[in-house]
Amino acid sequence: MHAPVSDSEATPTGASGPLAPLQRVISMLNSIIVVLAAIALIAACVILSYSVAGRALFKAANYWQDEAAVFLLVGATFMTAAYVQEHRGHVSIEAFVGLMSPLANKIRLWLVDVASFLFCAFFTWKSWTLTHEAWEDGQVSNSMWSPPLAIPYALMAAGMTLLCLQLLLQIVAPLTGARR
Amino acid sequence: MSVFGIGIAYGAATLFAMFAGMPIAFALGAVAVVFMAIYMPSASLDTVTQNVYEEMASITLLSIPLFILKGAAIGRSRAGQDLYSALHAWLHRVPGGLGVANVFACALFAAMAGSSPATCSAIGSAGIPEMRKRGYSGGFAAGIIAAGGTLGILLPPSITMILFAIAAEKSLGRLFLAGIGPGLLLVTLFGVYAVVRFRQEYAQAKAVYEKSGTWSDILIKDEYTMAQRFSVLPRVIPFVLLLTGVMVALYGGLATPSETAGLGGILALALIALIYGVWRPTDLAPIMRATLRESTMLMLIIGMSLLYSYVMSYLHISQSVAEYIVAMHLPRWELLFAILLMVVVLGFFLPPVSIILMTAPIILPPLRAANFDIIWFGVVMTIVMEMGLIHPPVGLNIFVIRNVAPDIPLREVIWGTLPFVLLMMAAVLLLCFVPQISTALPDLVMGPDLSR
Amino acid sequence: ATTLKISHQFPGGTIDKGDFRDRLCRMFAEEVSKRSGGEIAAEIYPNSSLIKTVAQFSAMRKGALDISLYPMPYAGGEVPETNIGLMPGLVTTYDQGLRWKNEPVGKALSDFLADKGIILLTWVWQAGGVASRSRPLVTPDDAKGMKVRGGSREMDMVLQTAGASVLSVPSNEIYTAMQTGACDAGLTSSTSLISFRLEEVAKALTSGAKASYWFMLEPLMMSKATFDKLPKNQQDVLLAVGAELEAFGRKGAQDDDIEVAKVYEKAGAKVAELDLETVNKWRDIARDTAWKDYGGKSANCAKLLKLASDVAA
């Protein structure tokens, strides 16, 4: 499996060398997003608990809480995808590491990154078209609260875009002489 | 190409992408999209993102991050260590007592959570480091948690059982009750195994120590006086509070199942803030980072596995396998064996939810015709799907372990979970010979099931 | 030969046994294949095993899915006009619902959907009722203080005006929520009241067998993109078979209305039936809340609502 994901916030594995400034920007962006996502997670907990309390104490209706929690959690999930990739936290199976020479391994990992990038790029593209459609048609979630669907779609699309950028940096890094 | 050929190609491509080292989430998605582009109408490609979004935008599924948060809050603060020291103080005379304690902890949490990875993560983040600190081998510690975590879908409530009950048009209450006996059976088997394995590792470490003087922490013999044992008891109070708080909310009719996920998260954060003083942003940062990393990794795999199973479904692969088995007109037990074997194979690639959705409609009619008790079968199928959670290549619980304890090599994790897979097989076998393990409780509570 | 993919969200069975909506799809597939001389084949994907429940509509519009038996109001987020398919009190009997097809509202709705890329093959209406864990929920007055899962935006509005506190629970959690008491009552179709097994946790059932304020349009729909690609004679076969199955759909739904009462009675629940007078009380609330809300959404909504309320009960 991939490099350890430890607590100590070690070694982000992005670009260094000429692309270092760009990686720094993305890393900074990722750190900000992580804070926001953490807040979103706690907010989701608070909202769900509030819905329990509101019903028990004031017989309040619960018609937006579940959905709001879903939006927060979907947003937190997709927006932090790049952060997880920065730390190589998307698990994979590393069965052949021992069977190949270091150079062959390097090439393999590079190709893996390229393949991942291609898939994510496709997904990103389709997320934006979905967002665009939802925005144009004014699609809303079919509930009493009826928030626009373009919001969670846009979060998904933005998160995937960041993930693509991160992957791209990790692809370019070895070409510019940086260590993976 | 025939469905058979496409099926083989699909499986091979998946194995190739995964073993090449592609992250599981992207491998599943990429293979799905490539096959979609080749074999499906081009309009399908436009539906990819909406499908993934709809799969993920369910509050039932999204309670997984919240359960992970709850687990991380406890596991990554001193709260978790305190619980384990307390359990250890009481169970230290039992060889492997800490391992047994972990199995119990998994079972308890499983009774609150409907999903297996959530259970695995909640207990694992505290349990694995504690066991390893006391000298348990990495594989052993990982195996206990990975396997114990699978109880999440066997002990009620369970997401997959809900889906099965709907597909089978069977009583959910009955199915839930039917899972309890086998759940306890597995808890016992895992517990006994923990004791046996501990003795083995202990004996080995002792032999090594006597021969070469190399010390292992597993040899530490803790002694606790009765007073000491009681003095650690208050440390368990936070957990009792947390557990009862969530239970009261759920069974007292205050919260819906998904709301309890949020409530549990808040209660856990409140507890560590009040009792351990963990509330400053700097204290919370590692907890939140760990939660996000784990839940994002897991949710992306789940989302992409939907895409994967969608293509598999469209190309009629799993349905064809199921239909092929049905068409063989096998005798009763051979039919069951063939169907379970198929579930095992699908379990290599798919999480339990997808397996049920795709195969239940096709395999249930012949099982009914062969006069199998469908409730009983639902339980057996659940155990077989639990095995899929702890064996590669796609084993959600293994991925959770990878995140909780990244320094245990994958090889050790897999070898560590293997004995538990065998124990589960034994449990399935036992259930075939003594179905009452599962059916006695529902029959007792709800009366015999007349609607076969 | 053409192979059509038929998807739906309901439990799968066989052509003579199981959920009538699944059976309807299977009968459609068989009959279409027979009449087209094997030119058209169809594969059934139950349980949302092909496409996720809500997304089926948009998949049909894009041509990624051919046919679905789809609860029309599920598309309400994407195409708000479709919410007419579950407007509380707008349809109160099967006769009234099935009359839509040949009245101006049917034409208007079909044209509107065709414009959105959807063809209606078989009109299926389904009545619904209420399962409650303690006291029965029959009249609007009963709703006061109850925690109710309405299941749709419009129903929630009506319930809230009647004094209930509405609750959003995913359908697979209704059982647990009712068991624990987080939810006092749930509204859904008779068939779902059976398949969700709520009788195990319910003490009372309000049946819509005679009349109901809860009627959902759940037609067999087809992607216009796929439909337009077929030769005329095959299109005719699809439309003809679809129309012929309407009788089966009605019978299936009504059988379930009777069956649900039996199931709940057997489980020891108290069964009450809605009558037109009670239904009208709900209708009065709905007219001022849900209908108004819907009619204000767009000119199309207003027009459909007007035409639909012209259909005599």
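When the chains are written out, they are named A, B and C in that same order, and each has its own residue count from 1.
Rule of thumb we're sticking to: a residue touches a chain if its C-beta (ideal position, glycine included) is under 8 Å from a C-beta of that chain, and two chains touch if they have at least 3 such contacts.
Predicted model only: the values in this text are computed from it and were never measured.
Comparing each chain's Cα centroid with the centroid of every protein Cα atom identifies chain B as the most central.
Comparing chain pairs A-B and B-C, the larger number of C-beta contacts belongs to A-B.
Chain C has its Cα centroid 36 Å from the Cα centroid of chain B. In terms of their C-alpha centroids, the spacing between chain A and chain B amounts to 24 Å. In chain C, the positions touching at least two other chains are 54, 167, 170. Contact with two or more other chains is made by residues 55, 66 of chain A. Shared contact sites, meaning residues of chain B that touch two or more other chains, fall at 46, 50, 58-59, 254-255, 258-259.
Looking at the complex, you find that chain C touches chain B at residues 5, 11-14, 18-19, 43, 45-55, 58-59, 62-65, 167, 169-170, 172-173, 175-177, 179-183, 195-197, 200-201, 225.
On the chain A side of its complex with chain C, the touching residues are 55, 59-63, 65-67, 137, 139-144, 146, 149.
Remark: chain A residues 1-2, 4-7, 9, 34, 37-38, 41-42, 44-49, 51-52, 55-56, 66, 69-70, 73-74, 76-77, 80-81, 83-84, 87, 89-97, 108-109, 111-112, 115-116, 118-120, 122-123, 126-127, 129-130, 152-153, 156 touch chain B in the complex.
Against chain A, in their complex, chain B makes its touches with residues 17-27, 29-30, 33, 45-46, 48-50, 52-53, 56-59, 62, 65-66, 69, 76, 249, 254-255, 258-259, 261-263, 265-266, 269, 284-286, 288-293, 295-297, 299-301, 392-393, 399, 402-403, 406-407, 410. Chain B contributes residues 40-41, 43-44, 46-47, 50-51, 54-55, 58-60, 157, 159, 162-163, 165-173, 250-259, 306, 310, 313-314, 316, 357-358, 360-362, 365 to its touches with chain C in the complex.
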